[in-house]
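Next up: the structures, one after another.
One chain, subunit A, appears in both complexes that follow, with subunit B as partner in the first and subunit C in the second.
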Partner chain A sequence: MLYKYYLMTVEATSEPATGGGWRERMAENEFLEEKTFKQHCAKFIKHSEEIGDGWEWRNSKDCSDGYMSKMHFQIRNGTSVTEQLFLQVEDDFELHSDDSEVVGPTTASQVIRYEYHVLYSYSYQVPVLYFRASFLDGRPLTLKEIWDGVHQFYQVRLLQEPWSTITQQEHPILGQPFFVLHPCKTNEFMTTLLENSGKDNRNINYITSWLSIVGPVVGLNLPLSYAKEMSQHDAETD
Partner chain B sequence: MAEPERPPTSLTGGPAAGEGAAELGPDPNALEPAPSAAVSPGTEEPTGDAKKKIDVLLKAVGDTPIMKTKKWAVERTRTIQGLIDFIKKFLKLVASEQLFIYVNQSFAPSPDQEVGTLYECFGSDGKLVLHYCKSQAWG
Partner chain C sequence: MPLVRHSTWGDRNKPSHESIDLLIKQRVWGISKEEQSLKFSISLVKEKLQSICAALSTGRMTDDKDVLRDVWFGRIPTCFTLYQDEITEREAEPYYLLLPRVSYLTLVTDKVKKHFQKVMRQEDISEIWFEYEGTPLKWHYPIGLLFDLLASNTALPWNITVHFKSFPEKDLLHCPSKDTIEAHFMSCMKEADALKHKSQVINEMQKKDHKQLWMGLQNDKFDQFWAINRKLMEYPAEDNGFRYIPFRIYQATTERPFIQKLFRPVAVDGQLHTLGDLLKEVCPSAITPEDGVKKNQIMIHGIEPMLETPLQWLSEHLSYPDNFLHISIIPQSTD
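Then we have the complex of A and B:
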């Protein structure tokens, strides 16, 4: 597995001269190479095709770049898509205990069309989740309406720094406005995950792991079979 | 109702290695509809239908604080979100700190995923091993 080799190479060269500190810095620099990004995307899409999850690969016009793409329809009730989940929250988290009573002009359900793209960021050397959403009549969602769709589980944290989490940017390949989940912390949490799995020689799919973490924030939930597929592949390579 | 005598790890029927399964805060204000706590140690207290709860082993990742009690009996319908909220309270993390839970050390189930389903997919030796990690994911 090319990615695993890459991981091992980095670790082999990071012989600490003065103790753990230097090794930690090397670990922080285990970035994702673009070709590894493409390989993991290919595996991810292969499984998506097996289970009919709707992901496909799209190439840019000159085929030098590419990205994963998926469309998804979300049904949102009059107030919030996560309204029915407030029951799961312990009493201490009172921030959301009143949200279920938001009064709106209508309680009719709405269907929202989400489009998710997974691109490779050259500057951050990590994958990035781009997305846009519109109602069935074509009207795009505003940032506020996007926020209403963020699972309340994440809202407390994200709302503390909204400007650095979901922003609107130009899609690098399509040139159209998309919302983006900011990738500045991706390398940090993925490194922790990879270090932990690397110790057990696990062969994880970077894209699967990463998307399982960031996707649910914006309504994208990966079926569990992606996780099982990773571990099955792991068993086969043992 | 008769209280069946059983060792802490109810599903395997064997004795718990090290610490026994522990109670996940029987909070009378918990919004679970069932009268019993959603998560419980179940060592001395009856847990009703043993099949309703599954054994979960929680392991810390990175520099996340380690829970003193690692083994818990959790109701199958408890969601990942509920479990994360509990762990954060147990570790006294503030609401704004993000905690992730992973199965197979590599995959984060979505917040609405039920623990019982995860046990069926990823459980082994009568328990579900979950890794948890305090991470800065955004901002």
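Then we have the complex of A and C:
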């Protein structure tokens, strides 16, 4: 499983990077510049469009910056997640306040809408994952309710990993409450990961690697094809 | 303990430094004119007046530390009224309070909550939230920032409406406990130090130092807070300031809650960047054109610092306790 591989590389002891180009500069400088962030997002979205994974770029109203955005829907029966579907938003989908009409024969199941945003943090110079979830009637989920939808493996991991503090914060572009995976430790685990990939001369996309680590913890999964795609097409860009 | 003073203005800039201190003192003076109409401790205001008179009459050169104290002890006279649709068992009287500019609403309104809950039934009470003229007030913004941004050019007292139902989930963060405020405050401090010192100073501190910063704010203890905070205001001798300045610029008319960018306090030629330089770079529409009419006020802690003020000095002296410069751009007042 690719996700496990990335998780494992984070734990490996770090050794000096031998790769060249931006990866070496990154390990020295420790920071991801905004320009590089946007470039990696663009490549990431290009692949997302190819496989219909639903990510898109949104500009802020004054167009000075922007963020990646994805929405998906999840069906839950009590605490078990039965399906994830409907990547495209259908306008009349939201008008059904009685969930059972939409879902079909299953009773007592609920449809939850998840929104994920990837923003750039100037202060920490890393990407940050913002997310929120609500029922179809608009009622937002609490953090505990979101937790119940996370696979047990990641629940345990989350409790162990110090980089994974989740708090409610104001979205810096939209001004609305979102949950955020705290960015202050991102640099640490990404530096290790980048150094290790440099050693093996693997080309990786920062966004893909980062999101494959932090995403599953909050119910966001990346199809394997992202990693395969990046290694094929990144060779000429370093 | 005397503060280590790093950035001075030099002879060229001294007048502006003194004028900021006077501006802050005048702001307090303005509040005291309104005291007649307010039902809170008069002696508090009289004491402040006396210390101002003493300082002005001796005409002494203002010490930078005075500015820090004036910023810390700034207060806003506020009248809290219960929302008319809340269910009460008897009439709820308004509650008057002097709010600290540098603190947070949910940290300083326990008395307000108790006062209104006395006339309500337990089942009609859920999470408290505050609103000004229809706008829900973000408790995670410092009180002084909220006031400057939304109400600075209206008559005192600041009239805030108190709610106990229908929490606006789409607008406000939840504040279940004091721990939430502490976590938010410390998170802001860490972010500010990431910008100033690559997080080196705050990460070197012990947990008890972090706790002291929070307790200093919570208990309104200036000396306790600054004993630790002064370390966050230092920088290496070979530099002329912080790495980047922690700032946020707010404008009530935009959808975007604030502007925050990377900005260095010192130019490549060694010149100190000013407040005007910052605005020109990140928010040029706020600055008045040469021959134009001034349409905006650039406000920090209720005053308008001169645009020539060095940003490094502002960061060291006019930051909020979270170490950020929270700057409001508001329409020019007509009176």
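Miscellaneous remarks
FYI, the second predicted complex is superposed on the first by the 169 of 238 C-alpha atoms of A that agree within 3 Å, B and C clash if a C-alpha of one lies under 4 Å from a C-alpha of the other, contacts with A are read in each partner's own complex, and residues count from 1 in each chain.
The rule is simple: contacts are C-beta pairs under 8 Å (C-beta built on N, C-alpha and C of every residue); 3 or more make two chains touch, one makes a residue touch a chain.
These figures come from a predicted structure and were not determined experimentally.
In the superposition on chain A, A:185 makes contact with subunit B only, not with subunit C. Of the two partners, subunit B and subunit C, it is B that touches more residues of subunit A. By the touch criterion defined above, A:222 lies against subunit B but remains apart from subunit C after alignment on the C-alpha atoms of chain A. Look at A:167: by the touch rule set out above, it reaches subunit C but stays clear of subunit B. In the superposed pair of complexes, A:214 makes contact with subunit B only, with no contact to subunit C. When both complexes are aligned on chain A by C-alpha atoms, subunit A residues 182 touch subunit B in the first and subunit C in the second. Of all residues in subunit B, those touching subunit A in their complex are 27, 29-31, 61-62, 79, 81-82, 84-86, 89, 95-98, 100, 102-113, 117-118, 121-122, 131, 133, 135-139.
Against subunit B, in their complex, subunit A makes its touches with residues 85, 87-93, 95, 151, 153-154, 156-158, 160-161, 164-165, 181-182, 185-186, 188-189, 192-193, 195-197, 200, 202, 204, 208-209, 212-217, 221-222, 224, 226-228, 230-231. If you check the complex, the residues on subunit A that touch subunit C are 60-62, 122-124, 139-140, 167-177, 182, 184.
Here subunit C touches subunit A in the complex through residues 138, 140, 169-174, 183-184, 187, 190-191, 194-195, 199, 246, 254-258, 260-262, going by the rule given at the top.
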